[in-house]
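These notes concern the structure reproduced below.
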Amino acid sequence: MIYVTRKERFNAAHKLWRPDWTKAMNEEVYGKCANENWHGHNYDLFVTVKGEIDQETGYVLDLKLLSRLINSEVITHLDHKNINLDVPFMKGMIASTENLVVAIWKILSPTISATFECELHCVKLYETENNFAEYYGE
Amino acid sequence: MIYVTRKERFNAAHKLWRPDWTKAMNEEVYGKCANENWHGHNYDLFVTVKGEIDQETGYVLDLKLLSRLINSEVITHLDHKNINLDVPFMKGMIASTENLVVAIWKILSPTISATFECELHCVKLYETENNFAEYYGE
Amino acid sequence: MIYVTRKERFNAAHKLWRPDWTKAMNEEVYGKCANENWHGHNYDLFVTVKGEIDQETGYVLDLKLLSRLINSEVITHLDHKNINLDVPFMKGMIASTENLVVAIWKILSPTISATFECELHCVKLYETENNFAEYYGE
Amino acid sequence: MIYVTRKERFNAAHKLWRPDWTKAMNEEVYGKCANENWHGHNYDLFVTVKGEIDQETGYVLDLKLLSRLINSEVITHLDHKNINLDVPFMKGMIASTENLVVAIWKILSPTISATFECELHCVKLYETENNFAEYYGE
Amino acid sequence: MIYVTRKERFNAAHKLWRPDWTKAMNEEVYGKCANENWHGHNYDLFVTVKGEIDQETGYVLDLKLLSRLINSEVITHLDHKNINLDVPFMKGMIASTENLVVAIWKILSPTISATFECELHCVKLYETENNFAEYYGE
Amino acid sequence: MIYVTRKERFNAAHKLWRPDWTKAMNEEVYGKCANENWHGHNYDLFVTVKGEIDQETGYVLDLKLLSRLINSEVITHLDHKNINLDVPFMKGMIASTENLVVAIWKILSPTISATFECELHCVKLYETENNFAEYYGE
């Protein structure tokens, strides 16, 4: 079993905000991340799959194809977007890094299994160089 | 003459957008950076000052003090903010990296000269790891 | 189960040295790391916790609060300090990266469990870009 | 159980190419990585071992010695070499990152177990900042 | 005058080798960089232009357009190529970083001046994290 | 004129401290950098030389030789040392980054001019990722 990882990037705006809370309550819980007018990040996304080496190609999978799939299913929906307003798979959810890694897992896991001879192992997302979240599907 | 640099960071939302242009015109000129609902970045700011070494302290200046000044004059206005909506010194300006480095220069240059025995040499701002702008005051 | 990580930094002096060994013996075992007059590093510390997402906040935990706890319990004791001389929780121990990750685990694990709805998963410490140690508590 | 990692680097040429396939077939499968005249990379290699802390030294193992072993057994065969043509342990294999991590594991695992009081845990290899593979021996 | 920089990357094989020298002579001068079978690098290219801010757009120039120009004029000729064998503008030249920055300057300088309201300021090329060259056109 | 840079590293202890000042005075001026028992850093040193390309070799100079010279003249005196106590060329000087870049310049400038067909252009030293100093010899 080999683990292979592809890094992608997206730049997005968001705020941490519950619409059912007052502004004061949002600011108490989320601090400056609750700025009503949004802030944003350069997100770094690491997608790790696991599988055996295809003896014919020497690949677990072709990372160019994985990159295309991540871009068409995830990055185009997030890059240069507002996570709270523009992203179908984040509608109604708090735009936290934790919720993002789970949402990205739910999109990529079935499509990776269906497309390649391997399975999704981990979704890791850096919001800043100091803060990141990982999800392994369980 | 020694050049001393301090790196600071801020996370902000923005869009490249002229209010006097149509949406179509903004998208033609600025592409995905014109997303009406904003996007954002982790900005890295490098402030370089030049001066002679103070023989008493071995410093050109105390970088802790420079850091405090950059934070109070610049970072607090930009961090976790919307550059188009929230930042007094960017009001009425297009929120480009180029305009940001000039605006930051105009704030820092007089206050650095007035506070320390040295002068501002360069303001350098990374919007992403691939794109950055520098201004030397002229 | 989501894994969330916070990066912190500290700058410290140390030497690898057993007081019950001669200088020659220390130099034979530890090489240049045994320089009697100390050397030092910019350490990078990664603290990973695991837990479920709080459906109310979208957080596993508030990383600002984790950062404060790491700073008050660990970083203030190590930053701009001598690991062999100044750090209560390293007294009588060899100032190796391995001993540091275990000592930091022992401090953070109970206080994280007591403070947050999650538990410590990993303490990872970079001494240089080329050398680092990880501890998972067992 | 502590995990300790050493990073090493090598610069090498390679192509992804099966000699039993036509040029057209190689280009169809491997794209630009099949350039007949080779291309190359700055590879970053991370070797992680696991073991208990030696109470006498505070080390799991001396990373200087691990570095020497990685250099003599692996790096000298790969650095400033052509992976397809020059590297004995890659002869007859496709020069993919996946095959490299397995080949490096097979070299390092027995010699680390024989030399140190610890065992190899992971071989991780970055081909670029965006693509890397990991192998844990099973 | 503002300086704006775009970073691009290419992965290439090369060797430092004079065909009019013997193998022994090449190895004496270039060391392991003279490996007959090539080695390679992940090159990082920084292209800096200087100009005034266009008051209409807030840009010195549109970095997406600069990126496209660098890719069509430079990167496509170098990426996943052999610098000694495949690159028209390096034919007959020693494949050193120094010669590369001058060759890239000669390509980009006239086309940037002809395409944008600004001029090329610097070409900077990293061969490794430890070695890089810069050229300012004179 | 081409500018060529070599990066080297050293790990050292220091304190910012004037022996002719009281402890209280040192702490007032230098803050936590005045910890009597030292602290330390992983320093990154960038040495830039300028010269013309030798048409015979394609080099401004052989960076392996520059690296050896920097190591023998500078790094061996600083690496795994105490800058205040162990380093001949820093005796009697405050161990600031500013004083270090000037001292390193004074060592390297004449020996580079005497050894190579080029001259020293800049000495740049990072104390941390946030703080660095540069010296151009005047």
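Going in written order, the chains are labelled A, B, C, D, E and F, and every chain counts its residues from 1.
Simple rule for what comes next: a residue touches a chain if its C-beta (ideal position, glycine included) is under 8 Å from a C-beta of that chain, and two chains touch if they have at least 3 such contacts.
Owing to the predicted nature of the structure, the values given are computational and were not obtained by experimental measurement.
If you take subunit C and subunit D together, the chains in touch with both are A. Among the remaining chains, those touching subunit A as well as subunit D are C.
Residues touching across the subunit D and subunit E pair largely coincide in numbering: over half of the numbers involved belong to both copies. For C-D, the equivalent interface within D-E, A-B or A-D is the one where over half of the contact pairs agree by residue number, namely A-D. In whole angstrom, the spacing between the mean C-alpha positions of subunit C and subunit F is 29. Here the CA centre of subunit B is 42 Å from the CA centre of subunit D. Chain centres here are Cα averages; for subunit D and subunit F they lie 34 Å apart.
Among the residues of subunit F, those in touch with two or more other chains are 129.
The complete set of chain-chain contacts reads A-B, A-C, A-D, B-E, B-F, C-D, C-F, D-E, E-F. Listed in rising order, the residues of subunit F touching subunit E in the complex are 1-8, 53, 56-60, 62-64, 67. Residue ranges on subunit D touching subunit E, taken from their complex, read 9, 11-14, 32-33, 35, 37-42, 79-82, 85-86, 128-129. The part of subunit B that touches subunit E in the complex is made up of residues 16, 18, 29-31, 93-99, 101-102, 129-136, 138.
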